[in-house]
Amino acid sequence: MKTATLNKSDIGKCIDLLVQSDLRVIAPRLQPRLDDEGTDSIEVLTFTEVDSGEDHQVGEGLLPLNGVKEFLFAKHEPLFAYEKRGKKVEIIPVHHEYPQTVIIGVRPCDAASIASLESVFSDANAGFEDPFFTERRSRTTFITYSCTAPDASCFCTSVDLAPDSSKGSDLHLTELGNGRLHVEVITEAGEAVAKQLESLLEGEGDQTAREQAGAAVHEKLTRLRNSAPIMDWLMDTANFDDEMWERLGEKCIGCGSCTFVCPTCHCFDIVDENKGSKGYRVKFWDSCQFDHFTLHASGHNPRDWQYKRYRNRFNCKFKIYPEKFETQGCVGCGRCIRACPVNLDITEYMAEVAHKAANPNAMKADSDFE
Amino acid sequence: MIEQIRNQARKLLEDGDIDVVIGYAEGSDPARTTPIFIRKAEDVDKLIYDPRCINSLPLYLNKRHEYTKKGWIKTGIIGKGCDIRAIVQLIAENQLKRDEVYILGVPCEGQVSHPEKWDGSLHDGNRASKCVGCDVMTPHETDFFPGDKPDVDRSNPYEVTSPKVANLMELELDKRFAFWRTDFDRCFKCYACREVCPHCSCNVCITDETTPSWIDPAAHKKGVFSWHLTRAMHLVGRCTGCGECTRACPMDIQVDLFNQRMKEVVQDSYSYKPGYSLEDKHPLITYQVDDREDFIK
Amino acid sequence: MSNIYQPDLMTIAKIIQEAPGIKTFHLKFQDENVANNFSFETGQFGEYSAFGAGESTFCIASSPTRPDHIECCFRETGKVTSALANLTEGDTIGFRGPYGNTFPIDDWKGKNLMFIGGGIALPPLRSVIWNCLDLREQDGRYEHISIVYGAKSVADLVYKREIEEWNQMDNVTMVKTVDPGGETEDWDGHVGFVPHVLENDFAPSPENTIAIICGPPIMIKFTFEALERLGFKQDQMVTTLENRMKCGLGKCGRCNIGSTYVCIDGPVFTATELAALPQEF
């Protein structure tokens, strides 16, 4: 694998070079704030389109709020337009010209989620290929950046990932600790980008130092869980009615925050939006946490309590994804933990399942649900 | 203080006077707390109260959150002042009966705005802006309060408003709109702002209606603006200023600035602050002979 | 790359009012190429568009043995079905499909077939009933065919004419019923709920018989239990599920039961397969 070194302080120049070669560049940036924000002020970091290398936060803030999902699986997009004329209808394809895009500063957890989304939207899934996803994916290159300072909510190492993993990456950057970055060219797309940046890249990287630097960060994660027994425990349908679901999920308010910030959540809805006799059919993000998500027209709802809807989410991450799509469900980014207004914590569920899997004959945990 | 609350909760549960106590417990991180539903007297020691307890608990009294399905006849709830304003407002709107809820009031000196700002204590550097100038630090309506309740002057007609509201009002309209366009670019219509609100209680939210579809569910500009402005209007004269909507927003959009601005408007038009009186009815559904009429053309 | 979300255009060739609030559409593709290349197997469903209102999921209610047109049958319940119900003959709708798995009719060769349905759940069964009747007429591949069908009242029965047609056929037993209170003076069928009539009045033998059931989840549950009491084994019972769906092709995540996506792994399931799933349908 081809490697090189890059000065961390040259990242802004990298972005400039990419912008100048007519690529659409997306990088983490802090959102502009009002003058006097009061004591509530916090910094808001998001991936956003940039037109220069100024003010970027590549390698700085931990995790942009939005992740890269919205650049592959759009928050909303028209599928086609239609026009009704008397008894006839004309379908007008909507032209999607998706520009060649580079997203720089992607953390390993977000990068690992790309394969998961591909497993749902590509034709590997039942032979149907989502052309909108495919076009965006095929025109996007990911420059990823190893983490140096995970926070208390990160748990990638508990789901078989690592803060310095290059899974999903095209070009991977790791800090060596002396203002220098070790650069790894992972794919052909990464090679093409490296070529664009060759004036800033030097010599060969230092693989040993890179591995040491990466490994040192593993110890910094404090949220550790054993995820190995989870899928088997979930496969046993007797556990579907375990008391833990209601006990842990009672406080869930169904806000859907977790699903919207989750890099692998892929549920969507489709509606027609009209303007007179013309309109668009639009696909947009939806959530299995909403109370009407599975509501039948008859009024019957298979998931009629909120804890059942959260149970489905946990199943989706730890059973459906690995079993049905054979990719990773949860990538341990911790966004759902940070976002949840009532501190519902997926790692608490993980711990509970691991405990039950290890003690299948124990009395049920001290519960309020007698 | 919390010991007195625990003792009272224990007694109420043992005597069977209440079915459950909704309170705060230690969260999954040292900087966070979490809502807890205590049904057994021996669990009351899990109840805590400190400046990390920014969660508003009255949302669990809202029928949207399965409250009416639970079978609780009388619900105990720990309330700091702003939460109790929400409970009072729910009662004033007939969403809840006074005797369905037992309010365990707690004194509050303020809450820390974000877990990442918690460093062991509350101070000016981490106090939420809604707490600066709060007039319900000693709560107004309680069934139990640890210790004596000092008198509090609640005559200030205006509520606590974030300095951001004044900031925005000073901007010219096009710059103000540009601010919202930038912030709303991040909105993906998760409706967390709706779900945490104690007052969003419609059986079917207007956004979920399909026949007709009043508000486009997709998160394009039209769908986003129409949702937030509708929400602001539906909460006029009802929002009790808990700020949970902004706290819940996963994209850190300051959605409650609309609500704060509308409070000023309601105060100017009707001299009304919601959530203080069990009897006062919402000005938009009542008529007083001396109501302002200068805005009627 | 084709747009998997884009429907083909179809003309409503005929509309039949089956029952109050329930209509059948006869549909033909507007594009000849699409019409010539289209085929489906019994059990499959489609996403039918009322442009401007959205899409709704219905089975293909006609049999593949009668390919001149396809049919759907639906009840007016919400936004899309109301918009469809307002259309007239000659209007255009959209169709995406066929999706889903199929009834394993080849496995049923040499067996007795018993179809059990209630209310608006007859359309999916109707497709496979005609498919099996037509094939049996060709080569006698199935033994006795019985159909047990009921609705809330006489007026609510769907495919009224076909019920009478099946009633007249050789080697077909037609058991029709309405709920107590739904009968008219001249009603000559049974009175009682379908699972009850099945178990008590009809009481079929499980010998060499496959039971194919369609109905709301609660009816499927009661019918399975009744059939088990009559001696049917789980792999003798087949059903088709109607979960809430949207995309129909396994991506939107709405119709799952555990790891099973009803739109791509179903909607046809045996009772054995259903029993292995988490009970959330």
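Order of writing sets the chain letters: A, B and C. Residues in each chain are counted from 1.
The rule is short, and it goes like this: a residue touches a chain if its C-beta (ideal position, glycine included) is under 8 Å from a C-beta of that chain, and two chains touch if they have at least 3 such contacts.
Computed from a predicted structure; not experimentally measured.
Looking at which of A-B and B-C shares more C-beta pairs in contact, the answer is the pair A-B.
Closest chain to the protein centre (all Cα atoms averaged), using per-chain Cα means: A.
The greatest centre-to-centre gap from subunit A, using C-alpha centroids, is found for C. If you average the CA atoms of subunit A and of subunit C, the two centres end up 39 Å from each other.
Each chain gets a centre from the mean of its Cα atoms; for subunit A and subunit B, those two points are 31 Å apart. For the pair subunit B and subunit C, the distance between mean C-alpha positions equals 49 Å. Residues of subunit C in contact with at least two other chains: 78. Multi-chain contact residues of subunit A, defined as those touching 2 or more other chains: 269, 271.
Counting only residues that touch two or more partner chains, subunit B has 213. Residues 210-213 of subunit B touch subunit C in their complex. For subunit B in complex with subunit A, the touching residues are 27-29, 32-40, 43, 55, 59-60, 65-66, 69, 113-114, 116-117, 124-129, 132, 162-164, 166-168, 179, 182-183, 186, 188-192, 194-196, 208, 213, 216-220, 223, 244, 246-248, 250-252.
Contact residues of subunit A toward subunit C in the complex are 79-80, 82, 84, 87-89, 91, 93, 120-121, 125-126, 128-131, 134-135, 237, 240-241, 266-272, 274, 277, 279, 281, 283, 286, 288, 293-298, 300, 302-303, 308, 312, 315-316, 319-320, 323-324.
By the touch criterion stated above, subunit C contacts subunit B in their complex at residues 78-79, 82. Residues 31-32, 34-40, 42, 44, 46, 65-66, 70, 75-76, 152-153, 250-251, 253-257, 259-261, 269, 271, 273, 282, 284-285, 287, 290, 292, 305-306, 335, 337, 339, 341-345, 347-348, 368-370 of subunit A touch subunit B in their complex.
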